[in-house]
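Chain IDs A, B, C and D follow the sequence of writing; residue 1 opens each chain.
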């Protein structure tokens, strides 16, 4: 992992949502750093806290404890300068565009509000950058005239219009048709190359995380349990949860007939975040759980290949 | 089709409201003009809709009444819509304490019965001309609309596109007026029509109770006067037209609202289902 | 689960108490917000109207209602609250010196009977027909009922009442022209029968004018609900059409109708009061007409308070029903 | 054989005209078989399976073809031509359905027990409580959850309850419309494992619709690929994955990055799915096809036997003529 200052980082961040009578412990002491020109993937099931982390990074709401740092400086709240650097692409491109406004409205407003030239040429250039060509035609279309993939490109173009240095993608392809998902992933990869963006790719699909990213981080029930270079996380998972995730993912290559799904071990479900298990939150589902796991969250163990995990199995000494 | 009929009726009454006085002059009739030769006469060649017990022309009264009823309806509608937009959208968009206070007030006005409340205020106010009545009705009739708009705004505010526009630094006023309000156009127009009808009905109700000013004619005052005399004398031509006008205008707004509902909730479109039944039959 | 329901109802009770207090306060403030000293304005008005001088007792009654103008507003407010708490609404001016409370107590049973019965009938009839119309949208029944209901919701109650009175009372002579019962039968065997007979026309016209609104609301909800997955699954299970229609579709489509009760009941009550006037029915509506035409302000305000509190109570009943029929009762309320 | 579909057409009929969503679809389903149906959104896969059990919503309607159900007992029935009343007898006992979102498919105001009881009673089961408990246990739900309302359960539990409900009357055919799309991967795997296990035990047949071809390869016995309302390829699951005959199938397969195999640059399928109101004269996939040639735009390819499978592609016309 590079030693430069991360462009955007969450340092030891905790987020609890107070709903009056209940406290939802969505995120506990999580650290995530994004670097220029690198793509980090954040993988986990729903309720793992991955979207909460992205929204904290995007300053949609304040942290309960810990800090969000932009180029090393602690961010105090969302303002225009912050959003000039950090943009988020939403999961659902049908919801993230105003259905009554043309494509160009989105891009043009973003350009104008950040003091960039907002003439047709500038708008068309951005649309062309996300492969919406002929750009002049697309600029005048309404969202309902576009396919899901095209809408997501518009959303990306709008985010790029402010010339950010960080792009956070919150499951940007999960609502798209299978056949065009790769197109959008390839676009994100190209933007990383060309613009030197720091990219966070949030997904529940670990195979696409491997395809796109340099590093993979795995979250479970609000805790970060494993991280490291993509290949080492995929090929040699250290945490039992990462292994479960990998074993659960469809993999046609594995298919020895239909045997892949025949293990009916009762694998349980993620815990409630209102009353999460103490210690490592995975312990009730973990086949290797020990007494220690039930009482305290394990410290980080680092490995030679650059990966690390928080698991007592790797902390024997 | 339904919508076109509805719009047609609304346009018809609006035109009558505007050109009413000239129309009466043109036909040589007037709401106060007394024809001593034709007192309490049923509809006929001389007086198309007959005359009242004082010998005034019912048609002329209807035409003159259209203006006042429409004025009450539209003034109350405009006031009600403005109030419901301001209260509903503000509560929905800003949320938090602002919402808590505004929602409480809205819910309160929602459960207070409008007619007795209007009546109390109208009873104390000395001037009971159409504009005053319209003001009072508008002032008390906005709550249902505000509630709907609040819920709609709340759901819009939570949509990703609003968050996305906020992230590119869009200002709050532009966010409300450019991004959010246009989505509410359907609701607002439906609400306006609803308020217009409610106000016309309420005005007629007040007039019926005797809360009106002596020198104005509206559909309601015609019914009120007719009730006292016409009923016992069997002068149906006197009290039937004003109620029918209210019902017609109300049906028209209902028909237009049908169309608006179908645009906003595509499931309500019955045309496609009919087409399917036809095709399969 | 149960706790959630109680919390919801407790919140609603608090809301209705606050609203009642607001209505009471509004009732106190409105006359005092008018320019000048309210009691003398009203006395002058009464004088102008009747052409003769107002009796000193009536003046005293009015002053009692609006407080001694020399006392501070807060003191007046306190006195007012105390008298309301004692159910003392002051003395009627037009039927001096009958207490307003007495008049209201006489009228209330009639109105409750009329409005209660008609609201239930209109709700059941409208909702039932709405279920049928919405089950087959665009069908023959829907094609007939929807336009009819649109027309009916637009017709003024009292106008329908007038026409009914003219046709069935005057021309055909089927029903009595007005009143709540046959005075000759008062306290005698046929009394109950005569009450029912006198109720037929007012009740029918109210139901006639009110059921269309319920019908349209239910129809639209029904159409929206019919395309839900759970209704489709009901059909897939091989259940009878009736069962799917009622247990799956209508049961869910009904929920917003119960919530919409709040908006509807006030309107129905207003319409019913006007209908009472047409039929000279001895309820609150007729009192209200008397109060307005004779400028009997104490009575007017009493009617306002009574109707408001009744509507709030009806709303609370609707809320309780809602809690019983929706297991998801949301904590936020509405 | 449990199901024999012949030339099935489904149209969406609106005031503006009709759109054919399922076009001349024919296939057979064997007893105890799992047939996967895959394709992009709008390809007609969901419409197809809803037509199979006559559960189409207006304005969709079957406008041609036959769907022959061969029940264990009694004569074969053409589901497409029977009245709703006649079908009631077959519903849930012979054919059941699992929908995508159990949250939407379960009646929100009724307890789980009531939703089991009504269908069990309808089809003549006596001990409904016992049967409900047995069914819930079968999918790993504690029987005391029967008293819960749908909103009181987790997403995974609801979805499994939905499957238990589908199996309540021991059906022969269960159609499943993306039953695992709304749940997480780990739960998805548990559910799929349960489906396979229960199929072994109870012997029902499944038509399983999903957009996720990679999942079908592991689950299904055979796979049908749909495009523009038609089946463009139908064959053995492993075969479809290993050697797709249709360029669309190949594109779909290559839209899933591998989990363990070396990563290479993949491109998915460029372009957008066809507009059903305005289909090309020739092959519907022609505008997006990397291997198109002159014939493709002019003639529509028929679904014909290619090796062990069926495929609708002119590339194989050449093979066939070359062989002949």
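One rule holds for everything that comes next: contacts are C-beta pairs under 8 Å (C-beta built on N, C-alpha and C of every residue); 3 or more make two chains touch, one makes a residue touch a chain.
To keep track of the chains, here are their UniProt names: A, D = Dipeptide/oligopeptide/nickel ABC transporter ATP-binding protein; B = ABC transporter permease; C = Peptide ABC transporter permease.
Note that the structure is a prediction, hence the values are computed from the model and not measured.
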- Item | Among all chain pairs, the one with the most C-beta contacts | B-C
- Message: From the C-alpha centres, identify the chain that is farthest from chain A.
- Response: C
- CA centroids of chain A and chain D: separation to the nearest Å works out as 31
- Message: What's the distance between the Cα centroids of chain B and chain D, rounded to whole Å?
- Response: 52
- Task: Please set out, as single numbers or ranges, the residues of chain B touching at least two other chains.
- Result: 271, 273-274
- Name the residues of chain C that each touch 2 or more other chains. 227
- Message: For chain D, give me the residues that contact two or more of the other chains.
- Response: none
- Task: Over in the complex, which chain D residues touch chain B? Could you list them?
- Result: 11, 13-15, 18, 58-59, 61, 63
- Listed in rising order, chain B residues that touch chain A in their complex are 159-161, 163-165, 167-170, 178-179, 182-183
- Query: In the complex of these two chains, what residues of chain D are touching chain A?
  - Reply: 40-41, 140, 154-157, 184-190, 192-194, 196-197, 211-215, 217-219, 221, 238, 241, 251-253, 255-261, 263, 265-270, 272-273
- Can you check the complex and tell me which residues of chain B touch chain D? 271-276, 279-280
- Tell me, which parts of chain C touch chain D in their complex? 1, 227-230, 232-241, 243, 247-248, 251-252, 255, 325-328
